[in-house]
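Labels for the chains are A, B, C and D, by order of writing; each one numbers its residues from 1.
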């Protein structure tokens, strides 16, 4: 007998304001992890260039993470556009999903500091994988409790689950690869975006709005 | 003669935007307290695994605090859904409530660093207890100034106060326990969630929407 | 020929969302300035108690600053409730006002670290004084460009300016006092709240909504 | 066949809430980069004054960056006021634009630490230049996909592109100047504001709302 909140209610929009605030902070905090280098001669161009060069893994991991978290935000934005209402269970699950989003600055900073350590890659891939898993949990809950604007056909529902889980495959594959080459493992992650585009082309009718 | 702001007003929604922003930041800052370990050999899986293992209290306290603060956010969200308006006094009290929410990253970081120090537990339990106390102050103010959508029966009002105060009991009990075992003290906090579920089952009629 | 945005527009509410987000962050960042103490024996209650005792100026300055910035947020909230529209000039001035709000975590951290240094008090008082001054600038702009819901009588307008400037007096007085006793200087700031209450009692008719 | 979201939709306002949150955080984080100085005698006015004097480049870069990012926020606010809808492509491009906004605290902190190092100036100018470039990308996308409220004449469209790109000229010029004098290079940036005002006076009819 959980209460539900319509799309027009103050309560529906509060959940989104909270979610968007948390995403915005998690994405902006990524840069705080990049500390300003200490130079022996502050005016030396050469020394600063060297120091910034040493920071390049940190910049790479900032932009990768901004892209990865940004992609989850886009998927969340698109997913919520399908909802007509939220119930208490959905709000609690969304909070759990956000706990893992809020955690992401840590594996990102780890990756920026120890880019060539396979364990950094594993921790990053697992963290991001959990977020993809939580996406499916949210989608499943919304489907079962009739929170979606339109009832989905079983085929469309199954397709949505697969589309949400597909990044998991690439993040899972990247784990053994990390022990061979961490750069190769990170490149694997970029296939996720390609996969999304490929899936979109093979989508059953009426599904276009389900892909994040 | 304090002014009141209706549920539809810009002013009502500003208070919520501010509140949600502050909650989102307090919950995301928790991870900033977890500093990246320094390794003598950055590529050593073994050394990084050891360093991360040493950080496990910090991870535990991140997830505990995310759960604890998240639960307060859920309770606030549910409580505000009962309001038809806010007055200046309510907005000021809400600000006081948020001061203690904004403070929580400190005891959380303390707990992450000194998990086995009973004083960390005491400070955490007291901080969280004050938040529960402030919840009651907000509820009482809304009840007395007729800011609630429906007038509550005395029985339902009393039940709401007890439900808000119940976590206090468990946090109070955890304080002496902390001097025996800090792990046991933290486990006590998990009973709060169980207690919430139990109270919900024993609730008088028409009260279901009062439980956070 | 600057464009104006009505109270119902997306643009009006964006300015407030941005403002509230910035306030929420500035108020939450205050606690980040309080660093976790380093103990030689992490399990020693005595040592942690001593370390926290050394941090008490930091806690005091957190709560003072939360109260001070919170009061400015309340004043801003109340002031905006009088507006029917914003123009480009108002939005730019509001941004300038927010620059000084965003700056406040620095003097707060300084005060927390060097509570007994008169210069900390001076920098804090000047920073906060500028915010009060900017409040008057915003109020004056809104009055002159007819952005207020109701045209103010000259008496009510003058009263509003004085009410906004009154904290300045107390912050100015606190500066010489700081060189005698910093604790006394901080106590002076609390009179601001008393003054606000006193002014409210002496307010001309129709002015009640102007006091922050 | 990308979905579009109208100005009144929850989805349109979510993008803005996310954007405003990210801007507010990026602008507030700027002050976190300014660390509290360590004094040998915490009560010495003289020593604190010296230490703060050493921090003056950090304060200057805080206020410059607040002004620079604030100006981009104003431009974004004004630009969005011209939109009647957003499509998925626009939302994704806006996210890319925000990646560079979120990055700005890093070059700002670098500038605050190494104000006289020409490389700091170069990195700052390039970062800010990319943001101006992204503004044009957003404007172009909105124009081509008919997301603007009114169809623009080619003349007005061209003028809008030039107005967005004009800061680029000044940031580009500042790069060689930085190798002669970094102070002079920073002064160059202030001409951007003057240029904006000058362009506004020469604008073709119907263009007044396009200038950021």
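One rule holds for everything that comes next: contacts are C-beta pairs under 8 Å (C-beta built on N, C-alpha and C of every residue); 3 or more make two chains touch, one makes a residue touch a chain.
Treat the numbers as computed from the prediction; the structure is a model and nothing was measured.
**Student:** Along the shortest chain of touching chains, how many steps lie between subunit B and subunit C?
**Tutor:** Minimum number of steps from subunit B to subunit C: 1.
**Student:** Turning subunit A onto subunit C with a C-alpha fit: angle in degrees, nearest 5?
**Tutor:** 180
**Student:** Interface overlap for subunit A and subunit D, more than half of numbers shared or less than half: same or different?
**Tutor:** different
**Student:** From the C-alpha centres, identify the chain that is farthest from subunit D.
**Tutor:** Farthest chain from subunit D, going by C-alpha centroids: B.
**Student:** Go ahead and note the Å separation of the Cα centroids belonging to subunit B and subunit D.
**Tutor:** The computed centroid separation for subunit B versus subunit D comes out at 36 Å.
**Student:** List the centre-to-centre spacing of subunit A and subunit B in whole Å, with centres computed as mean CA coordinates.
**Tutor:** Here subunit A and subunit B have centroids separated by 26 Å.
**Student:** Could you check subunit D for residues that touch two or more other chains and list them?
**Tutor:** Expected reply: 13, 17, 21, 25, 29, 32.
**Student:** What part of subunit C is in contact with subunit D in the complex they form?
**Tutor:** Touching subunit D: residues 1, 3, 5, 9-11, 13-15, 17-18, 21-22, 25-26, 29, 32-33, 88, 91-92, 95, 98-99, 102-103, 105-106, 109-110, 113-114, 116-120, 123 of subunit C.
**Student:** What does subunit A use to touch subunit D in their complex?
**Tutor:** Residues 7, 12-13, 16-17, 20-21, 23-25, 27-32, 34, 36, 39, 42-45, 48-49, 52, 62-63, 66-67, 70, 73-74, 77-78, 80-81, 208-209.
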